[in-house]
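Next up: some structures, all given as structure tokens.
First chain A sits with chain B, and in the next complex the same chain sits with chain C.
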Partner chain A sequence: MTKKRTSLFLVIPTVAILVLIVIFPMFYSITVAVQNYDIRIPNHTFAGLGNFIKILTDSNFYHAALVTGIMLAVELAVEFVLGLVLAMLLMQIPLSRKLYQPILLIPMMVMPVVVGYVGRLVFEIRSGPINYLLNVIGIQSLQWHASPHLALITVMILRVWRWTPFVMATLLAGLLSLPVEPYESVQVDGANARQTFFYITLPMLKPVITLVIIMRALEILQAFDIIYVLTMGGPGISTMPLSLYTYLKGFRYWDIGQASAAAWLIMIPLSILVTFFVKMMEEEEVEVEEKK
Partner chain B sequence: MRKAFVILMALMLLAAFSGFAGGQKEGGTPSGKPYEGVKISVVAHSGHHATPWYKEADNIKKSLGITLNVIEVSPDELYSREMLELSQRTGAYDIIQYNSAWVGDFENYILPLDNYIAKDNDAIGFNDILPAFRKAQDIWGGKKVSITIDGDTFLFYYRKDVFEDPGEQKAFKAKYGYALPDPPQTWQQVVDLAQFFTRKKGQKLAGRTLTKDFYGYADQAKRGRVYYWYLFRYVPFSAPNPHYFDPNTMKPLINSSKAVKALENMKELLKYSPPGVLSWEWDELYNAAMKDGTVCMWIHWTDEGRGFNTLAPLPVENPPKPVLGIAGTPGVKVGGKLYQYTIVDSAWVASITKDSKHPDAAYAVLKWMFAPSERNLSFIMNPDYGWDPSRYSHFNSKEWRQKVPGIENYLNLELKALEKGYPMLKIPGAFEYNDVLDVNVSEYLAGGIKTAKEALDRVASKWNELNKKFGVEKQKAFYAKMWQ
Partner chain C sequence: MKKRNRLLVKRTIITLVIILIVIVTLFPIYWMLLTSIQPKSELMNYPPRFFTTNPTGVHWAFTLKDTLPTFFNSLVIAFFATLIAIILGSMSGYAFARYKVGGDTLPFWILSLKFFPPVVAIVPYFLMMKTLRLIDTRTAVIIPHLIITVPFAVWMIKGFVQEVPRELEEAAMIDGASQLGIIRIITLPLIAPGLVVTALFCFIWSWNDFMFALILTRNQAITIPVAIAGMREAHGLMWGEVSATASLGTVPIIVLAILLQRYLVRGLSLGSIK
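After this line comes the complex of A and B, so read on.
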């Protein structure tokens, strides 16, 4: 067998699997998105762009997009800052790190459904410990997930609690892998802690930060479990993100055509976002290579 | 090559034997067990609802020869899983437990039971099931399609210990100009009572000082099932001839002026409800009312009625003996006449699937589990299983009365309330119709939609869209089947 044939032979299974699990479902979902596809109705008539138009003229879709956008911006920012601060703190205590790190990782290991249920108890308006503590310091009880204004904040608090350890662990791994030479050099040059952080640590940590942001952004766009258990998207639609919106269309209302159309509409900005971050990562890698 | 041949032969032999075992004919085997070797798969609501099936699996095996395979699915996912398996004709289930509201979606996949019931002279006791449950849950288009598992309905509960206090009675009459109604019969009376009994910690209740805030009324108002609490009002407010749709045109009646008043009543009562009630699911309402004792009136499933003797004392100093009041849900007076209805929850029923390879064996399993017997009564009497009474043999049981003194009050009152049973929506897409109602009611209560009219107009518009999607004429025919 020639080298070319051998390569082809080795590549074919990968391509076949890719076609089967990625390309085929994608094309199939396009065919579904242009049909009036309801599993309970035998004839699936051609809808053209009808499903896309229905989604784009549905005010709930835009509200769900807004909820997702808020979650994306707030959670990314808070988790990143908290995660970085915790990672930096753990860097300062190398001896006791082994003790604190596993403890800080516990929230990440709790199942999201459990987080949702526990959230219901912890934020319970009349008997929950959070409101009890607020009362102790003289603040009136808040309505948390029962309030249309606070429900999304409650969801985000729980999600930040669950996911910050992941951000912390990844950034900590990044910090631990940084070379020590640049630090020694800037110390000789007389740089203070702020300068060291902004001009040495952050730039060198950029690839890890980009990776963390991509992974977190993708997860936030799929946020579902905690919301499903805690609020079911309510009160009203105040905590309904795009994932729950699509789920309800597809698996509660069985309008698979509209659900597929919604999924495609969500995929467009998602692809742009991922492409943007990947490009950023590639550019940084090139920069690092050039510096070397 | 030789090795491959041997493996192939072995596989063929194995297939032949398994085919022989699987192809065993029903009825009459050397062991004397009528369905020896037959396997029946039951898909059931996960957790406590599945327990009776597991409990009886060994007995069914011993007596009928049937191996019972219980597949537990969480109630949230039950519809999706069943719909998927049934519509794809996978034959994964012989018996399905489902909410009878889905019968319109499932009718093509479930077996009518009329012939079975007629053949053995109703050994399963179909006529033992209360008419309210039979009509609202088991009969579809005139055919008997299911057997009630769980006789779910809703009752009105209240603090009789407070209602019977002479001081409170006197003060109520002085303020509202009529005698304190025990139990309240109309929703307007509920509003008055809720306003009257909502008190702050430190104030007096039944002549004693409150140690906690006390609230007049509470709904289970979390998004997801809040529509039930709207329907408790919608149906009586739509008297004397309540309907979800105009049966002749399928025009939604959900945004009528009466429907708007019903939703406004719901919002009015929020003023006298505990804070955070918009996030309350079953546990929160049950705990606040039964374990914390801080709610005066509420509507819930029958769990409270069965657990009447576990009611917490009032949150007052030296509380009186707690007494739970039970009644039918309030009504509305139209032209001086009182109209009260008891919503029969579409709740859990069992059917045999058309794809079952062993329908006779599946029916034998249903008979084993549900025919009037000590066994069936034991499932109902055990509150841990979550199967509520649905049959005359349950409600009139001497054994239950002897075992739980005082239970007769609940049994008699529920029996009486069910004389006015009213069904929930059961046409195809019922889940969607209800969910559209739910999200808009939730949004109105949360303040996202300004007026009740606007919220219900949105529901009506979406219901019209759904009618068109499923076909107006088809839905009209299904809607008619609901009442046959």
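After this line comes the complex of A and C, so read on.
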């Protein structure tokens, strides 16, 4: 076999399967989004942009977008700061790092559905351990996920618990891969720790930081599992993000056409982020090739 | 001497902070495991008990009896979603690394699919599987899982192949081995550890997935996450039983992850930070 034929033989099955399982459903989804789709009957009337207009005039959709937006802003900030602080602390204790790091990574292996369930356990209002500890230090029990004011915070606490280890691990890997020369030269110049951090570490870490933030944003925009188990969007719609809104439209109220339209609206910020991510990976690949 | 003391104090404080974080990290998991072995009389009492002196196996017995088919579904689905990804990933990952098929465009298109949002896919998949009469079968869940596992495997394996020195393959070529023979005899054994890590990540992703399994199964083919979410709805107060099932779904993955923690970061960041 020639080289060309071998390579085609190796690649074609993958490409064919991906086209079949990704591209085809995507087009199918577009056709559904422009129909008044009723699951009980075989033929559906054409809706044009009707479904999109219905979604875009639904105040619940904007509320869901707001919830997703709050989660994006708060989680990105908290997870990034906590993750970076933890990574920097672990850098300071090189010997015992190997002991603590694997333990600190455990949350991100826990099934998100289980995180939601564990949230119900530890935040249990009457006799959960967290309210008990609050009582011990003289604070009244809080309503947590049952309270319209605290529910979103409870969701975010659990999500920060689950995802900060990912941010920490990635930033730590980035920190460990930084060259030592710049540090040696600023030490000679007598820079203090703060200056070193802001003028050497942060700028050199920038590509890793960007990658982490994009990967986290992609996940946050699709947040679903923990909320489904913990609050199902409630109380009211106080913890309903875009993906749950879409799911409920389609699979609780059975408006498949509107659900497709909502899904495509979520697709817009996601594809922008993915494009950024792929661009960054491409640049990194070019750099690696140049080094070779 | 003074400087050494200050360093010691600093490290002690940092270690204490880290230990505090470790406690916060492990507490929820500890609480779940504790709940799964506490007798009913101790559950949901006030004040809560932070340990138990008379553990019971009744919740685990219930779980092992009741959710064994579910556990098996999860295993089968994750196994095939992984196996197919590794086969396709080895083939095309190799071709992308060595022959530069499709230039940069094709591999990066495949990479971008790794982030394809399930929420966009659930509606068409539900309708397709309904038409094909595949709803509530394991096949219906395996297929959409490939959307994530295949691109991930392609990308990871491409990176691993790139690290194998070309000279090794060229030497075998001189000895008269065919191209496919070289891949089988030289390259794949060399990247075997990478294949194991890739397989584990695919497996964990499929095992933990909730959205596809939720929409494409009813009762015969449900997976562990769907079972846990359903138990919550059906039996609001079965804390011990749900905790045992949740532990069963979580602990094997945590053990696997700790065994492989050396490779974890690479898998998580798609090999972007080596």
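The rule is simple: the second predicted complex is superposed on the first by the 248 of 292 C-alpha atoms of A that agree within 3 Å, B and C clash if a C-alpha of one lies under 4 Å from a C-alpha of the other, contacts with A are read in each partner's own complex, and residues count from 1 in each chain.
Note that in this section contacts are C-beta pairs under 8 Å (C-beta built on N, C-alpha and C of every residue); 3 or more make two chains touch, one makes a residue touch a chain.
All of these numbers come straight from a predicted model, not from anything done at the bench.
Of the two partner chains placed by the overlay, neither chain B nor chain C lies in contact with A:Val67. When the two complexes are overlaid, the chain among chain B and chain C that reaches more residues of chain A is C.
By the touch criterion defined above, A:Phe166 lies against chain C but remains apart from chain B after alignment on the C-alpha atoms of chain A.
Of the two partner chains, neither chain B nor chain C is touched by A:Ile220. By the touch criterion defined above, A:Phe251 reaches both chain B and chain C. Touch criterion met: A:Met281 reaches chain C, while chain B stays clear of it. Of the two partner chains, chain B is the only one that A:Thr231 touches; chain C does not reach it.
Shared-chain residue A:Ala87: touches no atom of chain B or chain C. When both complexes are overlaid on chain A, the residue A:Glu124 reaches chain B and chain C alike. When both complexes are overlaid on chain A, the residue A:Leu205 reaches neither chain B nor chain C. Residue overlap on chain A between its contacts with chain B in one complex and with chain C in the other: 120, 124, 126-127, 251. Residues 1, 3, 6-8, 10-11, 13-15, 17-18, 21-22, 25-26, 28-29, 32, 86, 89-90, 92-93, 96, 100-122, 124, 126-129, 132, 161, 165-166, 169-170, 172-174, 177, 208, 211-212, 215, 218, 221-222, 224-225, 228-229, 242-243, 246-247, 250-251, 256, 259-260, 263-264, 266-267, 270, 273-275, 277-278, 280-282, 284-285 of chain A touch chain C in their complex.
Put simply, chain A touches chain B in their complex at residues 36, 38-41, 120, 124-127, 141, 143-148, 151, 231-238, 248, 251-254. If you check the complex, the residues on chain B that touch chain A are 79-80, 83-84, 87, 105, 222-224, 274-281, 284, 288, 292, 294, 428-429, 431-432, 435, 439, 442-449, 469-470. Residues 10-11, 14-15, 17-18, 21-22, 24-29, 31-32, 35, 44-48, 50, 88-89, 91-92, 94-96, 98-99, 101-102, 104, 106, 108, 110-113, 115-128, 143-144, 146-147, 150-151, 154, 178-180, 204, 207-208, 210-211, 214-215, 224-225, 228-229, 232, 239, 242-243, 246, 249-250, 253-254, 257-258, 261, 264-266, 268-270, 272-274 of chain C are the ones touching chain A in the complex.
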